[in-house]
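Structure provided below as structure tokens; questions to follow.
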Amino acid sequence: MSDGLVVEGVESFYGDFKALHGVSLALEPGKVLALIGANGAGKSTLLKSICGLVSPKAGRVTWRGRDITGLGGAQTVALGIALVPEGRRLFKSLSVEENLILGGQIGRSGPWGLQRLYDLFPILQEKRHQPATSLSGGQQQMVAIGRALMSNPDLVLFDELSLGLAPIVIKDIYAQLPKITGQGMSAILVEQDVTRALNAANQFLCLVEGRVSLSGKPQDHSRDAISAAYFGT
Amino acid sequence: MDLINIILQGVLVGGLYALFAAGLSLIFGVMRLVNIAHGDLIVLAAYIAMEVIRLSGLPPLVALIFVVPVMAAFGYALQRGILNRTLGGDLLPPLLVSFGLSVILQNGLLAVFTADSRKLDAGVLETASVSFGGLSIGLLPALMFATAVAVIAALQFMFYKTALGRAFRATSDDAEIAELMGLDRRRVYAWAMALCLGVVAIAGVFLAIRSNFDPFMGPGRLIFGFEAVIIGGLGNLWGTLAGGVILGVAQGLGAAIDPGWQILAGHVAFLLILAIKPRGLFPRMDG
Amino acid sequence: MMQFTISRATITSRIAGVFALLLLVVLAAAPWWASSSFLHLAGEFAVYLALATLWNLLAGYTGLVSVGQQAYVGLGGYITFSLALFLGVHPLLAIPLAGLVAALVAIPVASLVFRLAGAYFAIGTWVMAEVFRLIAAQATALGGGSGISLPATVTKELGGKWLREASIFWLALALGAGCLALVYLLLRSRIGLALTAIRDSEVASTSLGIRIGRVKHVLYVLVAGLTAMIGALISLQKLRVSPDAAFSVNDWTAFVIFIVVIGGIGTIEGPIIGTIVYFLLREFLADFGTLYLLFLGTLAIVVMLGAPKGLWGYAAERFGWSLFPVGYRIHFKE
């Protein structure tokens, strides 16, 4: 029995398309997992299967020893799993602060609150009354991260953290990542930039067409081996 | 002077039309649902009020204390039990199910209450008026308009300043992600429908005090509310009030020319605005 | 190497086709073998079949959900009466003219109601029907709010009782079978394939969006014209028009929607099954009046929630039935 996340043989569909063919992984508390793979490999579907936006057709998701397979998103967030979705998906008719408040409204206690977030991302305090989608891409990503942190999660799923952001902004956000994950919080990181993801992670999992092609610790595998696993060659 | 009087009466009646429209606007904003049975629910509220008054002897406006919660609870149950199952992107199911609901409500009311037209008696309120400078303002129309303004102000406040309104807006923006904030969309939608039918209850009681009603009046009220929403611009509650006023004034002017043209003049005003400004007079900017 | 053949027809559909032709011949001879009450019922059946088939073409294939088709039913009746009363046009000739005029009226109407998206389009069409009804009620020369009967002088032009009943029945049969055949052929054409593709795939609908916008416009106008011809026929069946009856939302739209939903929306067979179910229910339950309508509304909701593709869609999915094959089938050989 693990007190982290255990995924066993999960099969999920994206519409009529079978996106995951029996994926398994295990993640200990406080660890960061880099989830890599080409477009359409099933990374987002795996994250959604964990946080309850997709209900797996087979297999099991266990979180802190509890079977959470098929629970809805409203329930998994109450159990401490938060998602920073691909494309950020901020609520466009809500202000920055309202987006953050909504993130915290399930009322889990923990270190994160509005003030702590504003200390982490001071620009958000300055712009807190603006419509969330009027911010720059990088600032919007900060709101999306903040919104997830406000629920005081024990596991954060970051989907395409740097997609569409300027390199300097990406560097900034990654510089903050240890502050976020340094408190015993685990994370799964989906990222196009494989090198950056592997540097930030303790372990990795590579998906090809919905199947695990390679997994382990970054330092145990050569870059060539990981690259071969990525392209499925 | 006559013309000013006609316009003034039209403005005040516009308040009632805004009450018909406000709930329609709210649920469209939250869940993109157009409820064909909306008008029939207004009529249902009028009959419930009639029964409450018969059993309790309360004056109509006081009876709202019972009618509003009863209708709101009905709305919550209706959304959870039936309408939530129709939502999911496709246009047909919600439209056709609410159309079926409309026929059921009309014939259900007919079976229970017969086709006789009824009216609620509000006593002296109906005839009292204040006049100045040749203009006469009935107390009832004035109260109706003031109620419409108050209801829309309250909805506006709820929508933009409260946690419930935040939940409505977030679910409307992105229901899937809202779920990850702990917002169960089925419950959020049910609350929206409860609120909508609370407003419908107020509209139904005013309708029943102002004029005769029968089981088949619903579709006409739906159309007035719909026209007010489109004239004012989708998603703009104050615009909806303006839409109701324009509709009321157009009907008043039409009736002044020929009583048979009253309703027609309202429809023509609606079609003109649709032709000139298809998004309504005051469309919401971000829509 | 895998071999396959492509076909449209199935054995069932071939048998059904032969059966339909036989039925048509037998029915066409009905004035010689059936009672006038049968002719009346069969004529009414054909009218509802035609209305349901046309509504299904709009809602089931192009996503245009109209709750205002009574606008064109009523318009057809009023145009027919105007032509016959004021211009002395023969009533039977007035039917196609009514269709033509209504189609012309539908062009500007479409440009207005097409500005409303989705469900609001539905209510917009209803407003239009109300406008038509209110204008008809203002037409004092046509009896205003209480309507007008076709004078005996005009009725005589339709011939004696037998010939009148027979010709109205034949017209109903022709319109019912004609609408069905038209929709069938239309859906087999390239336009029909595009429409079906759009209905079944969101990606296709966004990529073909603009071109299909025009097709929808044309189909709306075509359906309006045909609906008006049916309305013209109805006015001759009843020999009377009045605003409330001719523009009745219950008679010409609500029942039609229930027929299509219960039978199976988006299929050609659905409206046929739905019309049969509707007439059976009416024969057995109409005596219960209000309860009958309550039952019909409830049935439509139950079908929509439980079997959204209707009775036919449910059967077709389970047994692979198809009477009017518009798609292609691939048969693989080992």
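When the chains are written out, they are named A, B and C in that same order, and each has its own residue count from 1.
Note that contacts are C-beta pairs under 8 Å (C-beta built on N, C-alpha and C of every residue); 3 or more make two chains touch, one makes a residue touch a chain.
The structure displayed is predicted, hence computed values, not measured ones.
Chemist: What chain sits nearest the middle when you go by CA atom centres?
Modeler: B
Chemist: Across the interfaces B-C and A-B, which one involves more C-beta pairs in contact?
Modeler: B-C
Chemist: Name the chain whose C-alpha centroid is most distant from the C-alpha centroid of chain C.
Modeler: Result for the farthest chain: A.
Chemist: Would you kindly tell me how far, in whole Å, the mean C-alpha position of chain C lies from that of chain A?
Modeler: One centre to the other, that is 53 Å.
Chemist: So, what's the distance in Å between the C-alpha centres of chain C and chain B?
Modeler: Each chain reduced to its C-alpha mean, chain B and chain C end up 33 Å apart.
Chemist: Once you find the CA centre of chain A and the CA centre of chain B, what distance in Å lies between them?
Modeler: So the centroids are 44 Å from each other.
Chemist: Can you name the residues of chain C that touch chain B in the complex?
Modeler: Per the stated touch rule, the residues are 59, 63, 65, 67, 112, 115-116, 118-120, 122-124, 126-127, 130-131, 134-135, 137-138, 249-250, 254, 257-258, 261, 265, 290-291, 293-294, 296-298, 300-301, 304-305, 308.
Chemist: Quick one: in the complex, what on chain A touches chain B?
Modeler: Contact set of chain A toward chain B: 51-53, 72-74, 76-78, 82-83, 85, 89, 91-94, 98, 101-103, 105-106, 131, 147, 151.
Chemist: In the complex, go through chain B and note every residue touching chain A.
Modeler: 163, 166-167, 169-170, 172-174, 176-184, 286
Chemist: Can you tell me which positions in chain B touch chain C when the two form their complex?
Modeler: 32-34, 36, 82, 85-86, 91-97, 99-104, 106-108, 110-111, 219, 222-223, 226-227, 230, 260-261, 263-264, 267-268, 270-271, 274-275, 278
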